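Labels run A, B, C and D following the written order; every chain starts at residue 1.
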Amino acid sequence: MELNILTICYLIGSVTFILGLKMLSNPATARRGNLIAATGMTIAILGTIFLYKDDEGKSLHNYGWIFGGIVIGGIVGVLAAKKVKMTAMPEMVSLFNGMGGACAALISIVEFNHLTENFATNGWQVLTGENLFSHLLTIYAGAFIGCVSFAGSIIAWGKLNGSFKDLTFKGQHILNLIVFFLIICLIILLLTPLFADNYNFFYLIPLLSLVYGVLFVLPIGGADMPVVISLLNSFTGVAAACGGFLYNNQVMLTGGILVGAAGTLLTILMCKAMNRSLGNVLIGNFGGGNSAAAQGGSGGQYKEISVSDAAVAMGYARKVMIVPGYGLAVAQAQHACHELEKLLEEKDVEVKYAIHPVAGRMPGHMNVLLAEADVSYDKLLEMEQANDDFKTTDVVLVLGANDVVNPAAKNDPSSPIYGMPILEVEDAKLVIINKRSMKPGYAGIENQLFFQPKTSMLFGDAKSVLQQLISEVKNL
Amino acid sequence: MNEVLSWISVHEQYIYIVVLMIFLGIEVIGRVPSVLHTPLMSGANAIHGVVIIGAIIVMGKAESDNYIALILGFLAVILGTLNVVGGFVVTDRMLEMFKSKNKAQKANSRKLSN
Amino acid sequence: MELNILTICYLIGSVTFILGLKMLSNPATARRGNLIAATGMTIAILGTIFLYKDDEGKSLHNYGWIFGGIVIGGIVGVLAAKKVKMTAMPEMVSLFNGMGGACAALISIVEFNHLTENFATNGWQVLTGENLFSHLLTIYAGAFIGCVSFAGSIIAWGKLNGSFKDLTFKGQHILNLIVFFLIICLIILLLTPLFADNYNFFYLIPLLSLVYGVLFVLPIGGADMPVVISLLNSFTGVAAACGGFLYNNQVMLTGGILVGAAGTLLTILMCKAMNRSLGNVLIGNFGGGNSAAAQGGSGGQYKEISVSDAAVAMGYARKVMIVPGYGLAVAQAQHACHELEKLLEEKDVEVKYAIHPVAGRMPGHMNVLLAEADVSYDKLLEMEQANDDFKTTDVVLVLGANDVVNPAAKNDPSSPIYGMPILEVEDAKLVIINKRSMKPGYAGIENQLFFQPKTSMLFGDAKSVLQQLISEVKNL
Amino acid sequence: MNEVLSWISVHEQYIYIVVLMIFLGIEVIGRVPSVLHTPLMSGANAIHGVVIIGAIIVMGKAESDNYIALILGFLAVILGTLNVVGGFVVTDRMLEMFKSKNKAQKANSRKLSN
């Protein structure tokens, strides 16, 4: 009876996961989708705690430990999730993802222990033939994938918050391949002839997997971490599915596979939005290192503009468009930006923001950033809309954006970003670009826009430049 | 070869569920706009926290003298809960940022359809 | 071994069905999708014939009968499908759908016979408890749904090719409900206590289901048949899934459910495209009967135009847009239409066709019709595009279309078609409307367009009017 | 009630397959343009012709003295084949009509993307 109800709980869980994910992919329903999935998860968890019975019909025990763990994890989780800064979200997701991976790996380890004890006391007859084979395979796979996901996520987290630097050395990819190969060999070796004397080799699997996870993420540029996290996310999904297979548990199986598949597609979509391939991101030969940066500065003549001239140009314009980019985010200048906007609006200047989908370092970065500074949504134009509006714009103020306004994406088929849709700021009458130097951005390539007659450079940190602009505009 | 085939046959329904789930995973997020990539990633992250169910089972089945299982299981429960709870809360916070956006969008589309 | 390979065949089948259906819903891949699904089907069928083994490990026999049936069915199917006229496609689909339903029902009947024989010789122990319950339920459901689908499809086919007329009488819906209720009672009655003496009641299920199928479709207007066929299509899918459950056969189960779900959604989408609800179609109180037709003719003053004036107007225009509708299809005037188009083009008049998605009586009707007359695709404008183009059009020639150009859909919230997107022909300089009378079209409502100053009526059968126009244009 | 519950439990994997399939059926044709409604209906019609597999099994298992089973089974095979073969051929013919259309569309979209 209880088991039957549990089955239904699990079915509800699986269905809510599918519905939730579906709703999450649509802006209008996303938040409700998250809630629905969370509800389904709660039902599945509570069902397991109270209704689960093992093969021999015994209920679970150790309720103290279980609730203890849930309370601790819950409190820490809520606090961490509530306290984190908006722009540090990807780090947080990465950390949580690592926890899931570690959890899957731990389950595999405990189950392996359990199995070996059983062998020691009861001999081979416990599990035979096919069953043993798939049982072992899922244990190994869970340990492998879970550990890679855990280690990789921790490194990704460290890179994003600046604790780890990119590390590239010669032969790195070959080393990775060797470690990967070792793990696979180990798994194959341990699959069939399992005896008391080779039990302990098993522990090499999680160990090597941890090493592999670290090696896998280390060479990838810090700016590519959102993509890597999404990939590791789908790995953890597969690890969870292994658990589902192990316990014959449909909700784990379906939930895990769902995330595995959706995560993989999402990773690919993310790469596409930046006009890159997944391979390109993983090999890590673009971005991060800014290796092509050296070529910068040789593009021709550019002209500078003073802060007061810029303030005059904007103060007397009819329509100003602000293009925020990664530089605005690092300078944490969103509040100053909003202040300038309000000031200009008081002077009857129409101010809008042009939001490129991959401006910044994570999808939706600019929306989140500006929402944090209370910029009203009506002012945020999506790319297509903005591109129509530039034609009637007097002044464009580019704040720490670079690649997303690089005309090479349209004109230069040899450019690595060729084909990426961009914000066509040249259509406006005047373009003012704020950055600290002539150095290139994320893609490490030069920007011809800076050398065009319409363009003026306004060097300096985004925040301090904005503050100067504010005081100048006030004095107009 | 033969073994693999019979393995497939024995687990036929599992394989169906897995295959269908893969299709569904791909279909379901097919047309997500790129601003939603981060919240979607985060939501998916919370969903794979379902692995906590495995941790609860491990924990609940551990004999009370099996300290390794108890400790590892306890750790697994904590980590799994972190993943689930943190994941959903973080996603919700992110999506809160987009709230005003939706309202405005709805208003817009209402305007258009009239 | 063979069974294992069969499992894989079935898996391939299921996957190709999903892929095929997915590709079918995109114009660029639709044809390939159909081929892929057909390939998967072939694999699944051949696999069954040669590899299937029943529970006792026996292969199939009666190969002569099997191949005989396949050859006969195959030849007849190919010939029928190849010979049918393009515009009679929905009839054909309906007929094929009915065959599938009948096939499912026959399977259920044979299996029931089999079961009763088993009971007679071996007594109750053959199947007990849960198993018996679900076994019987699927047999009954298969017989019920299969027969409804069969009878309904045949009626739909007859209505489309004109053999049956719409039949409405008072209390029809109540009669339907009673029959439905009877069937359900019978099923419940026969579910648990099955004894030799009530075996024969079973045969009432298919019988009553046939009656229900007939009653269900009879009152629905002939023009709504595409929607009904789509609904019956999804019924047959469910009947096939019952078979899958009965034989523990995954490919039947998945294929059937897939069609059941997709067919139901498709039915709803079809209704939406006509701005109706499914309930509205099934109750059949709109369309078909044209009951509101009486109100026609009281809309005000309209003016007529002579054929020669129409020919002059078109021959000296710069741009003519043709709006084809249901009347063009019934008059089979597509070839004459194409001829007129070529003639006008020779006179340097730009001619385009404006295609409304639900013009005619089945989705895509106009595309199929004009493609048959070799009208090149470049000339067919979709609704949005056409609505932009009307502004620069000199003459619009509406050929047997009515509802799809009715401005009430835009202006009159009380109109039954309010909200349906229409072709905005009034934007053009002159509108010539060809139909046989002032009678309304499918929706049975009047069209204010006919009374507008820009509009002139050109009465007559579409084909003969087009032929007259052709000779007049030649003489210009 | 209890029986229904245990029935659900016994057929858990079946139910999963059915539920997932329903989702997939809905997802897969979510955004079909209305000109494709008829071919899609026809293609789906051909797919449920998979019921022919049941007919083949019935036929193939019938004892050679069981004339009712033989005749009904034979009829079922014929009808099932009609559904499958006719369905796919008719769909293909319909889609042939749209062929030129696709080419033109592709050319168009290529023009646009340049």
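What we mean here is this: contacts are C-beta pairs under 8 Å (C-beta built on N, C-alpha and C of every residue); 3 or more make two chains touch, one makes a residue touch a chain.
A quick note: this is a predicted structure, and the numbers were derived from the prediction, not measured.
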Task: Pair sharing more residue contacts (C-beta pairs) when B-C is set against C-D - done: C-D
Open item on the list: Relative to chain D, which chain's C-alpha centre is the most remote?
Closed with: A
Open item on the list: Please tell me the distance, in whole Å, between the geometric centres of chain B and chain C computed from their C-alpha atoms.
Closed with: 39
Task: Distance from chain D to chain B - Cα centre to Cα centre, in angstrom - done: 31
Task: chain C and chain D: spacing of chain centres that average the CA atoms, whole Å - done: 15
Task: Centre-of-Cα separation between chain C and chain A, whole angstrom - done: 46
Task: Numbers and ranges of chain B residues touching at least 2 other chains - done: 6, 13-14, 16-17, 20-21, 23-24, 27-28
- [ ] Check each residue of chain C and list the ones that touch at least two other chains.
- [x] 18, 22, 250, 254
TODO: In the complex, go through chain A and note every residue touching chain D.
DONE: 1, 3-5, 7-8, 11, 14-15, 18, 22, 250, 254
Task: Interface residues, chain B side, partner chain A - complex - done: 3, 6-7, 10-11, 14, 17-18, 21-26, 28-62, 64, 68-70, 72-106
- [ ] Spell out the part of chain D that touches chain A in their complex, as residue ranges.
- [x] 2, 5-6, 8-9, 12-13, 15-16, 19-20, 23, 27
Task: chain A residues touching chain B - in the complex, by the definition given at the top - done: 13, 17-18, 20-22, 24-28, 30-31, 33-35, 37-38, 41, 44-45, 48-49, 52, 54, 58-63, 65-66, 68-70, 72-74, 76-78, 80-82, 84, 86, 89-90, 92-93, 95-97, 99-100, 102-104, 106-107, 109-111, 113-114, 130, 133-134, 226, 229-230, 233-234, 236-237, 239-241, 243-247, 249-266, 269-270, 273, 357-358, 362-365, 367-368, 371-372, 376-378, 380
Task: Sites on chain D touched by chain B in the complex - done: 13-14, 16-17, 20-21, 23-24, 27-28
